[in-house]
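Chain nomenclature is as follows: A, B, C and D, assigned in order of appearance, with residue numbering initiated at 1 for each chain independently.
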Amino acid sequence: MEEFSAGSGLSGLADRAADGGGLTKEQLLLAGLTHSAPTAPLQLNRTANVTPGLRYRNLGKSGLRVSNIGLGTWPTFSPNVTEEQAEQIIVLAVESGINAFDLSEAHSGTRAEVELGRILTRRGWKRTTFIVTTKIYWSTRSEERGLSRKHIIESVKASLSRLQLSYIDVVIVHKADPMCPMEEVVRAMNYVINQGWVMYWGTARWSPVEIMEAYTNCRQFNCVTPIVEQAEYHLFCREKTELHMPELYNKIGVGLMAWSPISMGLSQSKDDSTIQLFSRASFRNKYSSFSWTEDETAAANKEGYGWMKERSQPAEESRKYSERIRELNSLAERLGCSLAQLTIAWTLKNESVQCLLLGASNVDQLYESIQALQLIPKLNVSMVQDIEKILENKPTRPPMVSTLALR
Amino acid sequence: MEEFSAGSGLSGLADRAADGGGLTKEQLLLAGLTHSAPTAPLQLNRTANVTPGLRYRNLGKSGLRVSNIGLGTWPTFSPNVTEEQAEQIIVLAVESGINAFDLSEAHSGTRAEVELGRILTRRGWKRTTFIVTTKIYWSTRSEERGLSRKHIIESVKASLSRLQLSYIDVVIVHKADPMCPMEEVVRAMNYVINQGWVMYWGTARWSPVEIMEAYTNCRQFNCVTPIVEQAEYHLFCREKTELHMPELYNKIGVGLMAWSPISMGLSQSKDDSTIQLFSRASFRNKYSSFSWTEDETAAANKEGYGWMKERSQPAEESRKYSERIRELNSLAERLGCSLAQLTIAWTLKNESVQCLLLGASNVDQLYESIQALQLIPKLNVSMVQDIEKILENKPTRPPMVSTLALR
Amino acid sequence: MEEFSAGSGLSGLADRAADGGGLTKEQLLLAGLTHSAPTAPLQLNRTANVTPGLRYRNLGKSGLRVSNIGLGTWPTFSPNVTEEQAEQIIVLAVESGINAFDLSEAHSGTRAEVELGRILTRRGWKRTTFIVTTKIYWSTRSEERGLSRKHIIESVKASLSRLQLSYIDVVIVHKADPMCPMEEVVRAMNYVINQGWVMYWGTARWSPVEIMEAYTNCRQFNCVTPIVEQAEYHLFCREKTELHMPELYNKIGVGLMAWSPISMGLSQSKDDSTIQLFSRASFRNKYSSFSWTEDETAAANKEGYGWMKERSQPAEESRKYSERIRELNSLAERLGCSLAQLTIAWTLKNESVQCLLLGASNVDQLYESIQALQLIPKLNVSMVQDIEKILENKPTRPPMVSTLALR
Amino acid sequence: MEEFSAGSGLSGLADRAADGGGLTKEQLLLAGLTHSAPTAPLQLNRTANVTPGLRYRNLGKSGLRVSNIGLGTWPTFSPNVTEEQAEQIIVLAVESGINAFDLSEAHSGTRAEVELGRILTRRGWKRTTFIVTTKIYWSTRSEERGLSRKHIIESVKASLSRLQLSYIDVVIVHKADPMCPMEEVVRAMNYVINQGWVMYWGTARWSPVEIMEAYTNCRQFNCVTPIVEQAEYHLFCREKTELHMPELYNKIGVGLMAWSPISMGLSQSKDDSTIQLFSRASFRNKYSSFSWTEDETAAANKEGYGWMKERSQPAEESRKYSERIRELNSLAERLGCSLAQLTIAWTLKNESVQCLLLGASNVDQLYESIQALQLIPKLNVSMVQDIEKILENKPTRPPMVSTLALR
């Protein structure tokens, strides 16, 4: 990894990938979305602190320090990755200085917890050196079970058992349940923390109002407040992160752990796929301008990534996105990186993002994503302005309307 | 069970019972109060979601979802039901989608917990799929022990041990004790919840004022509030449920788990018994117009249901009830169901009833009670009005008297 | 015991004692202070509810029901009582309906807990049927250790271990420590309760102001409040119980568990000893007009009750007490009971006394003390007035002095 | 040890040391900073209470009683002291009546906990008789981990395991972390206390403002407040202790456990070393006029005390200190004690110091430090004034500046 610490940009990355897999220049630019390079045996030394650009930040206004990039394990523990490959990915993450590992029952089911647990046990890393975040997931489509004290406690116990851990660092409540009182949720989270099963709690896909309500209930009932919201954030999904998260951080100390289909590496082929990847994301989430839902990712998971079928979308919209992506690709080319790497670097440039989850289904993919850290200093003011000009989607708050004026 | 999902009313029920036991039409109408049909070997598949009319509702304003019918296990674990028969009843309930099982030391003693525990262990159902509610019972007739922290904790520990469970979903305090401070009760309930022994707590046979007092104490001492009151509710016992429970639900989130001698199936023979069943219920409970007390149910239990002896009751009262029951029976006949099924459906029609406990001493009895769910949509406005005309007991609040007027 | 249930007064007691030991009438009158009768093999049946005069009362304003007489085990586990004799005493207490057993490290050391624990284990009584109260004792004479969180927790753990119990019903803090903040005490007591080691807590030898301070701290820090003060109360030690305890009970729910050297049976011989017993008690406790200190009881314990040596006391005082005791003895004689029995009955006559601790070093002594319960109804208004005339020590509050008048 | 209880000053010390090691008078004066005397086999009896001048004081406004001198175990568990020697030191401390043992990961690493744990287990002292204080240490130089709930809980668990104890008496948070919210710290400390792992908590090297902030957060969230600040205090480091600690004690009950390089015995040779010892201490800590930092003590530890190399320091400053130390040495000589003993006695003279930590790498060194207790009464008013005249460093608060005057 030393070759990158000399500040030589990402050219080393290109060399390495080229040597390893004989890919064309163009393919390399998309390397962040690629894993066609054969997996070489992993012989890295633990040189965490020399990974250029890797930093540790307090998650929200808590004392917990997470690496600015974490590993989202969903693609790692997917059906077409062997346990050996998965272990190699985890090892690379640890050796790169990544200390946060995120699990997501919604995406990869409970198998991820079992496999990560086995790897952690086998490797024998000190419990103090890594941070495991997992989720309390409840099906929004079944009426039989929602969020409840019973479900929260049962979920946490089951996760602990699958992970073979005596405590989880952060438990994240995946979606709020309008049918479950917030008091019950915060008391149950406080309970699992007081039992010593969990260190901190957070939320995922909650609206800012729901997060504020949780905070208010914590204060009312003297419960521990949440420290993090996990949210989608990338070039085409900006509203929640850019408009609302800074306020939540400043007012109640809730930080941001970001993820996106791009940072998770959910594409395997070239230019066209990238466009499709973006263009397929849905518009349903009201806090994002362009965001994925679980439905689609679940489908993606099920169909083994061979899911790139067209669905109806306004032709005009689609054309516009294709054009923007072409322009971003050119810009990435000028920077000597892939579009995925550009996206990762651009996301991390935002101070609100305390940790960005990277995903990988092979070692090279993760390796290449990590290199994006070196790109961050290159995203200077003029570069950022160029990107804004291409995107034309900088979110703004609607102007305050005086209620006086309405009289 | 599929034959019922076609919305064909309850005729299928009649067919099935007729095939199985060769009963007369008239007998079938009272099937809900009957268990004379020989117990056929149970070969149902788990088709919970297709039980017509079965729904899951949040219990009170908690996140806990219960099926709208639960199993009150008192008749199931009574002396003249074998453990094999009891297990068949439990299995039918589970396969029908029922997820709530209620135990009552006051009625069936501690044996019910032991047997249910054995069945749950033997069957190996996932702990997340069922909800066990049991009670803290204290003898109101002995001065030696009342409700107290000591008694609450000892009771819960003993129940856990008998049930072979690591936690009970809802513990219900059976009757308030005017000699025990409410602070002690709510702190003790909060304690058993914080120990992880219990998920939620509720009350049974508490007056609305006592429930409000409990809630106030919970708020004062930052304890978990109760989520449910268990109360008797049927055609002749309406006041508490119809006048007070909606207010408790709206103001403090306490829901209703209802039961009645009829829904519990506490009669074995024909028409006359039904009349006797109703007419024997006492008038002692000040929140019901017509309600049973434990004294009588305990006696019933002891005497093995062969307890139908006349006791002194105003002759006029008795005659009136007999007449009403005859009219209701005719109405049930027109609907093609038994009086018991009509009662069950009518009870569930009330939105305040989040869960109605059904009881059964054999599989057929439970099966027939469950069919009453299909009757609910048939109870339209005019039908409900017809019933009110027969009953003439719709409870009303006394008019507010202005204290100004009293001057 | 049946002979006494016929309301035949205490004559049966005299007969029995006379049969057993051939004592003179005069000796029998002092039976409550005597144990010269040979210990007969115990063959009583459990007839708890027929012990005349035995009642169960809520301790303080808690839900815990204690028998109005409890067993103070100090004399029972003293050096000159064998373990077999001690067990017989405990058995008699249980069979008489007594459910409260009080231990006192200050008096009998830690041996009492070990022996009571062995007896409870051996007998296998249901844990729900008895109430064990023990103390947190700290030496007021050593500066090395006082009351503290450390000492409270260590004491409770040690007591649990010695008693072989998983919880103690009531833990009593013996004397307040002016050097230890009240916040620390109430938090530590709340801690041992929240650990499940203790059900309730109380105090012994605390001033009313200290008890109020504890209560205030409990309210401030949302901790469980104390339910009982253990205090000395008898004919010659009345001020605290009669002037202060009713106020504490009414305002903050702290009840009274009383004891006295007389009720504890700390004398073995005749008339003269009684006088000495009273006259030797010290005047040091500012809340009693005539009270024992641990110093003397410790000395008594050490010297095996053979401690009746004169110490300097105002001759006038001594003469006055001798006279009063002679008059009380005559009165007892008229009632057909011993002076000790009269004292016990008189103490229990006071509604503030929810539980009076009786002590015994043999079965007969306890048996005779229990008979005093039958005396209570005989203490009618005129009898009580007679006693007051003899005592001339009814405590009164000093008149309120208006601070206005002081100007 | 009896020879010193006769109030014969410290002459006995000189005799003993002289007999044992044949040292010159001058060497003896520095005995507190010396360990050149061969370690004699230890044959002391437990005569704790006769150690002249040893007292037990409440630590802060808690109920915990500590001896006015405690053992700071850093030099004891340093690399060049064998485990046998360390055990002898601990035994001497216990036999002298010392009940407080302080561990410091920052200085001696985790080995001290392991060794102390082994000694405590081997000796089998009653857990109630000693007080172990240990620290939560976090590296201020690594960004990877700071103070956090995770770190606090993991640290305490690790300490418990190394010490083989079921609880630690006082856990001390070593330095506040400006990156970790105070709410998180106080909730985590409250958690470890509520788990029963810790009895009390305190701070080390916190500013008065940080301590006040912790207290305020404890009050806000109903958590247990800290009872002690551990701070450096000696003749040349006075500001924090003399200006701020009395206020913290009076207002929020936080007491002081003091230490200094001199009391810890961190010098092995003669006069010159003493000067160097003082003169080398840094000026970096803003609350001390002359204080050591961990950096230097860590270096000292690493270099096995052979670290007395000159570093750049203002020549003028250095000269001034040398002169003062010479004068103090003369004064000590007149008192018949070493400069180290004078320093210890002078520190203990301050009422704010509830416990002064003494360190020793051999038995004689500790023995001689303990003798300093007898010096305290000799430090009368005129003696103290003489010292002040030499020191010329009595800290004073800056005069209050009226903001009115600034207008």
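Everything below uses one rule, namely that a residue touches a chain if its C-beta (ideal position, glycine included) is under 8 Å from a C-beta of that chain, and two chains touch if they have at least 3 such contacts.
What you see is a predicted model, and the numbers here were worked out from it, not measured in a lab.
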{"item": "Degree value of the rotation bringing chain C onto chain D, based on Cα positions, nearest 5", "value": "90"}
{"item": "Same or different residue numbers at the chain B/chain C copy interface, by half rule", "value": "different"}
{"item": "Mean-CA-position distance for chain C and chain B (Å)", "value": "48"}
{"item": "Geometric centre distance via CA averages, chain C-chain A, whole Å", "value": "68"}
{"item": "Multi-partner residues of chain C (at least 2 other chains)", "value": "194, 222"}
{"item": "Residue ranges of chain B touching chain C (in the complex, touch as defined)", "value": "143-151, 153-154, 177, 179-181, 184-185, 187, 191, 194-195, 221-222"}
{"item": "Touch list for chain D against partner chain C, complex", "value": "55-56, 58, 61-65, 99, 127-128, 131, 167, 169, 194, 196, 199-200, 222, 224, 253"}
